[in-house]
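Both complexes below contain subunit A, partnered by subunit B and then by subunit C.
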Partner chain A sequence: MSSPRTYAYYPGCSGLGTSMEYDISTRAVCKALGMTLTDIPDWSCCGSTPAHTVDHSFSTALSARNLKIAAKAGLSTVTTPCPSCLTNLKTAGKNVKDAEFKKKVEILLDGQLPELPEVMSVLQALYEDIGADVVAEHVKKPLTGLKVACYYGCIMNRPPEVMEFDDPEHPIAMDKLMEAAGATVIPFPLKVECCGASLGVARKDVVAKLTGKLIDTAAGLGVDALVTACPLCQMNLDLRQDQANAALGTRHRIPVFYYTQLLGLAFDLPEEALGLDKLCVDPHHALETAKERAQNTKVREETA
Partner chain B sequence: MDVVFLDKTRDDAFVAEVERESGQNVALCYQCGNCTAGCPYTFAYDIPVSQIMRLLQAGQKDRLLKCKSIWLCATCESCTTRCPNNIDVAKIMDVLRHQARRHGLAGERNVKVFWDAFLDSVKAHGRVFELGALATYVTRTGRFWTDMDLGPKIFPKGKIGFKPHDIKGKDEVKKIFDRFMEESSK
Partner chain C sequence: MKIGVFVCHCGSNIAGAVDPAKVAESARALPDVVIATDTLYACSEPGQQGIIDAVKEYELDGVVVASCTPRMHEATFRRAVERAGINRYMFEMANIREHVSWIGKDKEANTNKAAELVGMAVEKLRRDRPLIPKQFDINKRVMIIGGGVAGIQAALDCADGGLEVILVEKTSSIGGKMAKLDKTFPTVDCSSCILGPRMVDVAQHPNITLYAYSEIESISGYVGNFQANIRKKTTYVDWELCTGCGLCMEKCPSKKSTDHFNEKVGVTTAINIPFPQAIPKKAVIDAEFCTKLIKGKCGVCAKVCPSKAIKYEMEDEVVTENVGAVVVATGFDLFDYSVYGEYGAGKYPDVITSLQYERLLSASGPTGGHIKRPSDGKEPKNIVFIQCVGSRDKSVDRPYCSGFCCMYTAKQAILTKDHIPDSQSYVFYMDIRSPGKMYDEFTRRAMEEYGARYIRGRVAMVYPKGEKYIVRGADTLMGTTAEIEADLVVLAVGAEAAKGSPQLAEKLRISYDKYGFFMEGHPKLKPVETNTAGVYLAGACQGPKDIPSSVAQGSAAAAKVLGLFSKDKLESDPQVSHVEIKRCVGCGKCVETCPFGAVKLVDFRGMPKAEVIETVCQGCGICAVTCPQGAIQLEHFTDNQILAEVNALCRS
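Take a look at the complex of A and B:
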């Protein structure tokens, strides 16, 4: 690991609301690892999916406003936990490399764009800049016995030309971090399948079907919990789990953690600092099951 | 079976426009079906994504701009990632939405209304105010019962803010919206 870098941090709007536990656990974990996150001053919304369905120069301008502020603050790397923000920020950075496109964006922003900082997900920063081995060194309470399926969602790694991180079909960064935290990672074949994204409000039926498939598959694999890196995925799988159950005629109750929450638990950070109480499906049963399993294995090993 | 009468409905200018706006060469598609095979939304689409590509090659503007699929596409990037001819299919879906908007079309009205409610919230506050955007959506669609079942799950968690987080630069953000409107009406 090189000396810990300072990152310009872009929390994203959901971090102030429906994914606040992702935001607080991300900050807590990064702090524990010695990373400095400096919030982009007065950051604004990247426009998420709705903006790029309107126009590409428009969505780029909304993202570029934030990148410009970070550049002015002298920060060369922007990091965000949210894959949707990540896509927008990264795409914006790519788009303005085209001089003609850049001019259009500068008209919308009414000002010239400086050289824009590079953008990476917090997951990438943890995996590439810090590294799974250093993460493992910080583990005080390994998650031994906890069986998890890592779910990356559709856009953390795709398309590869834009995201430039991990593998677009079989990403492993989260798996490796979870292993470093002591958890048992069960291979999950649907790790990059879409959960229904923001269609939850307008087309609940579509989301119920897609998340239902994810939850049902994870349950079939016998996992204690799903682990996510995306606020929308987490919300669809956790908050809407009963809608999916109703659509499928199932009764699954699988907790859906943010990977940062589990890292934090392994670092022995207090539950409040990780927002465990914000999850809709209570995760404590799964954590207890894992502990018992670990205990039983230990006893079996000792008596063997 | 749908029959497309190319001589009557082919619109070459439309194809050229989509190609210019997306930067993609639609002629490269050889109908392998990879995009459709990987598209998680095919079950809900009225036209599967590979057929959208075919209809696009055939210049079928009206069919495409009125279809539901372009509003259900979640930009999951599966098609773009897997197309053997490196066509950015998801970008084409985006461009078709842009064009549908310009023509005042929305094959899935509620999806558009939700996205617009989201953007109106960003325009007003600089950041999206989740509860406010949802309220706007409910008002505009009359779908009062949308997600009522989720209220008891989420409100006690204290995750839903009851007040927007206005930023200092919200006027700056609003001006991006205004300038965009101005530029696109030119």
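Take a look at the complex of A and C:
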């Protein structure tokens, strides 16, 4: 591990709204690990899903603006918790490598672009810059007994030539961090499947089917909770779990944590700092189950 | 000197982008040219006859033909001028097709360039002198590298033709990939039943010397006179004494050795004979697993061996064989499927390769021919075959079609139904490629008679669900996604070049393509030759091939060798280096640079002088450019000739 770095932090729109608990838990965990997150001043929307479907130079300009501000503030690395923001920021960085393309973007932004900072997800920063072993050192209340399945979603690691992080089919970064936090990680075969993404607005039936399969498979593996790294995935799995249940005729109640929330719990950070109350499926039952299980195992080991 | 120039139209190949008549006209102004004309097809019979007639009519001393690449027709025209009564080296060729008409569209510029190339050829020809090839003896023995079905066929055909054959096989038994197959398409006949007798023939043929468990260390020499060093790898068993009784295998306590013959399905003993029909049927110790070799303890095999054949202290041995021709039949390797992470091969025990499945089907395989899931030994009912794993996929650098996977998958679907009548096979495919004799009928039978369900589309993902696996892919004919619950998933892996192919190619001085497959002399007209005289190809080392094609090429290679050896002497190419002894100062630079070891220093009246071994010289010219004195010259490509060409170009 290198000495803790300073990162330009890009929360993204959802971080201030629908996934507030992801944002605050990320900040809390990074602070606990000694990382300095400096918010990009006056950041704007990354373009999200709509911009690049309309115009690539426009979409790139939106993200490049944020990167440019970070660069001017003298920050060499931008980090964001949201994989969708990550895609746009990274793609923008790649696009402006092309001189022609760069010119178009510079016209839109009324000025020349400096050398843009490197972009990585918070997950990558935790896994690569900090490292699972250092994370383990910070654990005060290990998540012993908690059986989790890590769900990365379809874009955290893909396309590999853009994201350049972990294995596009079998990522392990989150698994390793969860293991470091003391949880039992159950291999989840659908860890990079699509949850239906923003089709939740237009085609609820599609999302219900896709998330339903994720939840059903996870339940079949006997997990206590799902762990995510994407605001949209979390929303589909958590908020829409009842819709999925209705579509599939199932009755699953599986809490869907952000991995930062679970890390925070393991670091013994206060619940308010992790936004556990914002989760739709109440996580406390799962946490209790885990505690009991841990207790039972301990008793069994002692009597054995 | 009287020179004739013939400018070929090559139909529209040249005439479409060059004006041959104008090129001929400009040639008439060149020194010594007494006739220049254009001709529709110079290589055709009337074309060649035209050249011959002109040689006689104008009493020509030399001929220039401006046409296609010398690689295609230089030999043709040299024979023609020889028929006309002049020396075959009094001929020059200007390549105005590949170098002109095929690469430029501007007819005027092309015509000028063609005229310049002709001018260069004429200037070179003016300085040509007749060369007479020397004759040398041939060693009429042939070495065949690789003992798969192609190598076996080539070996038997050569041996039956009366030649002495050296067969070199790197594993401990011949038979190759075919020996691992259960049945073969499209006849569904037992693979080892048709191959086994051929393997026995190899062992018993008086003309065949078999080096099993051996590899080519190095090879030198030239057509007719190769010298090969063969490394006989350590077997730790004296094969002279070993009778193949198998007692050592029975008693060996180390029973966790990798079973390479069974494609790592199951394990074997540290000392083993790979399979019951192995030729030679001799034991080999796997040093990686042998307790005696690792820890120095055990020695059970030595104790039980009735013929005292075990030799723990054995070491590699290198033997030298002299041969006149080489047939390369090193075959292929299977594509490493683990790059397809989404299929979970190597991670999920019941996702296996087609060749592993073949071993499960085989009566001599690890399960005695009963299809059992590797994970729990249960009989699978739903079996999904995924085609094109490592074929036709640019993303894994295998854009080529492996050719035989469609067929063996159909065969395995048929055999599955035979083994487990209440089973259901599903085949995810991209296209069905079954162009051989009785092939399409065969795949249709798999679908229509055996009820295999073919789904057109790539598989996106395989993941476990309980005891089963969900195989999800596109059904591009239905326009939907398909999800199949499978008990067993078989990946129809494609073919890639055998490991170490480029290294072997370097030793043999033959070409290979970007995937490591060996290159034939000409893709259509020289399918078994290489660009190195006396080295021939057979089987899948040239590209993926099925058994019939491999056997056919094995026989073709044998025919080529027999044809080569039907002459008692070969002619050496006289375009070799020549040392001007007065100019040579004996510095030895040429000796150092010659890649073929064709130049040596000799004592000439107390002075060291370079001497060229003409039969070894390949005419590459490296020595000529190295010599500081200009004392060594390449015949037919002397400094004077090349400078004359350059001057001709600069003048125009």
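What we mean here is this: the second predicted complex is superposed on the first by the 304 of 304 C-alpha atoms of A that agree within 3 Å, B and C clash if a C-alpha of one lies under 4 Å from a C-alpha of the other, contacts with A are read in each partner's own complex, and residues count from 1 in each chain.
To be clear about the criterion, contacts are C-beta pairs under 8 Å (C-beta built on N, C-alpha and C of every residue); 3 or more make two chains touch, one makes a residue touch a chain.
Small disclaimer: the values here were computed from a predicted structure and weren't measured.
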item	value
Winner by number of subunit A residues touched, once subunit B and subunit C are compared	B
Which superposed partner A:A219 touches (first subunit B, second subunit C, both, neither)	neither
Subunit B versus subunit C as contact partner of A:I186, first or second or both or neither	neither
Partner chain(s) touched by A:L248 [first = subunit B, second = subunit C, both, neither]	neither
Touched partner set for A:L239, first subunit B, second subunit C, both or neither	first
Which superposed partner A:L37 touches (first subunit B, second subunit C, both, neither)	neither
Which superposed partner A:P168 touches (first subunit B, second subunit C, both, neither)	both
Touched partner set for A:V134, first subunit B, second subunit C, both or neither	neither
Which superposed partner A:A273 touches (first subunit B, second subunit C, both, neither)	neither
Partner chain(s) touched by A:V206 [first = subunit B, second = subunit C, both, neither]	first
Intersection of subunit A interface sets (partners subunit B, subunit C)	168-169, 193
Residues on subunit C engaged by subunit A in the complex (per definition of touch)	341-342, 344, 347, 461, 463-466
Interfacial residue positions of subunit B with respect to subunit A in the complex	40-41, 43-44, 72, 74-78, 80-81, 88, 90, 94, 97-98, 101, 108, 110-111, 113-116, 118-119, 122, 126-128, 130-131, 134, 137, 146-147, 149-150, 153-154, 157-161, 165, 167-170, 172-173, 175-176, 179-180, 183-184
Residue ranges of subunit A in contact with subunit C within the complex	167-170, 189-190, 193, 217, 220
Contacting residues of subunit A [partner subunit B, same complex]	13-14, 16-21, 42-45, 47-58, 61-62, 65, 104, 107-110, 154-155, 158-160, 168-169, 192-194, 196-206, 209-210, 239-240, 242-243, 277-278, 280
